[in-house]
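Structure provided below as structure tokens; questions to follow.
First chain written, first letter: the chains are A, B and C, and each begins at residue 1.
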């Protein structure tokens, strides 16, 4: 490379492109009044399923996340002296680094396990015994495993909190929190102005097999008054699309659930488009709905935002990256603060961060 | 899961069950008078074999461990600025996390190597060169390798201390320290009241092949006056049971060594029952003595305690977990403090912790 | 082992042998006047290739490294609050630990990725997306990959600095910095006394295939007045020895480049002998020039120094370790301080270390 070409390649800009979903968390901070009481239950509760959380609890978690995001350098000692056991038996870099970054930024220490074969599980050790071991070594556990029962099996022995970071096809609660946090940051009026504008949510994915979709729908069901409609888009038959009881439960919460296999028809009405193609099954992943891809030519509403839990493949075209629709990078960024909020509460350090203790 | 069932599953208690071996280290602190002089040799000595240590040195290490265990939050900066190289060429989570937790709690930093194939050893680099490299990068090394010579080969080049965390079938000194520490915490009178009650120790395992048993016997041999009898229980012929010279050495120390293949006959007299089934040989492990299992129906003495280095298999039944015999969890918990004591001395930070410097 | 033998084996000395390349960085500190302006470009520039750097910039990096090396315990909070993403997709322990040690010593936090298969890349994620993810999780990236394009592909998306820690056969710039830093520490008069003595450099290796040699030659080309001659020694034909344009570029810089396949003939004139045998190609390594080995019987000049990026094989005999020629250990030691200097500048913390800000 000639010098001039090299200079161009090695120089970089620290500023985010303006279009990258840049709503300041301030507005969400104003929309939710702080009430730490709702966070008190988190001090002795594992984070296993999106089903555990009620609306008020979630709003306080979001408020705390917004507080962290508005003041990213202020709370560098909140988790001082605390040890996180970061156990990713199912390979992941994105979710692992998101949690580890969250924990480091608040001054905590981390021990990582990234290879299931190095653990006692390879020697036939029970997950309950692994849990009892963790009780002696750390203050909080984050666990991801392809085996859907691992988190549950460990939970019974734990005397420190555990976060389910993805158990097979079952759930991924913190991703769902991050997704809804992003939506509310984008449009705080959904909380601040209860009788006001609702949004139309389009979910491209498979609720029966994708843990991110499964968990998100549960949380959306806590805010039915915010959504005019939720359309699930995929190519499966309805009996394959949902788990037993899943659809009924959502409808019962007050949501207007539609399904469709025609993405082009659904997009023009959507305010939020959530897309995912990958589902972890067993020890590998499968891709569903490859034909449901979106790009800068898709018939998106002018102010519509696109979310994706990432990593992405062909379903989310890079041509959308430099458009105002791109809120998937903001989603990843906000997820770190969301996890900070959750972790802080779980290890009983919220009193170092809340205004009113 | 219905909400009520979910709530039951996700709630947890931070308090340890009373029965989990709960003797406060205070009593051991009183039983041993502090004398830091005996720790001075540790400042320029690797921890390779249980053979290196004399009785007074061990008692001071135990006292320091008890001090840490009695004040777990007080010494958070003892190892500030120090870097541990945590090298586990032989897979382990339990021992690795025990050391790493110990180091983190005292404010130190850690670099982990968990995959032998990523090291220069894969390129044919000598362990001496790896040791010289470590001299430049850290302040202390913990090494576990299936190859029994690795620790020794590296030691020759090291100018920082190394702890043998398990070298093949040879030794595992810190586990033995933790085991004896647990026994003395349980019954400090063994030290405080020298002419008083002795204890009957039953060791279910194979001294010739199990490094934990090998190292523990060496330490027990330093305190012959504390043990009325030591019975080794397994199903091997005596010439397979011990290494060359091992039995003679133990007898010479003053211990009353018995062997037996009849566990049910031995148990009723045992005050401490130590059980292990796994021996690492080469790159995998073998199980010995599967028929020597204990459970809540075993004829244990009323106040007998059970120890196991963990991970456990069928040989130590879960039915014992919620009985007063369960001191194996306390053993794992205390091991962290024991390692803190040792590590502190090795990197010359004892003056930050001892009362009399 | 009998006790006496054991004691001999477990005792160690913390003092470095005198012969281990012990020039204090003081002399280099005096030889270069501090001028932080030359470091300002580093605040928004990735470290990709040795081609990016000019002479003045390098000298200031070396001065900062010398400052760190002269005061190793003084700057323990320079990188407080900063997170390093240590991504070694190509296995390495030496370079990874060198960077991680450098970062820890300055008070920063680290997240390590040591297995390419655990990353989203295994799911088909693009390196640009991985880069965007890193933007949200850390403050600086160090990346090594066998694929020569990985660093470049990631750079385009990064808004935090990245250091190329080795991309296939292409470059390894920080190793080259460390190599030249060592030479200048050994003979600061090369800078302090510009018209004075020059040195004769012998490079045993293959510029076309060895990234360490490739990067070093580029830096040497910035100081042609310091070198009377540079002799490249290997057994390849000249058209295999250099990349297209590589030799011309070096000659154009003013260096007197010679080539030879007769090591014994070249050695007696060499002041600095740099030797390397390993080249990474694809996912494995190849050894070149096995017949070019040096040992304590080699016809080295009396005051000649030997450098090797390590890990070494048979090409650098251990018989040289305890001679005054051994500067390869000093090279590894100095590399940590060199990396500290570079990292500090990249994350805009130089103002915490420079005298004149």
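Operating definition for what follows: contacts are C-beta pairs under 8 Å (C-beta built on N, C-alpha and C of every residue); 3 or more make two chains touch, one makes a residue touch a chain.
Bear in mind the structure is a predicted one, so any value in this text is a computation, not a measurement.
Subunit C is reached from subunit A by a rotation of 120°, derived from superposing Cα atoms (nearest 5). At the interface between subunit A and subunit B, under half of the residue numbers involved are used by both copies, so each side presents largely different positions.
Separating the centre of subunit A from that of subunit B, both taken as means of CA atoms, is a distance of 41 Å. Subunit C has residues 112, 114-115 in contact with two or more other chains.
Across the complex, subunit B is touched by residues 44-49, 51-52, 81, 83, 85, 109, 111-115, 117-120, 122-126, 128-130, 132-134, 136-138, 152, 155-156, 158-161 of subunit A.
Listed in rising order, the residues of subunit B touching subunit A in the complex are 1, 3, 6-7, 9-16, 73, 76, 88, 91-94, 97-98, 100-101, 104-105, 110, 112, 114-115, 278, 285, 310-313, 318, 329, 332-333, 336.
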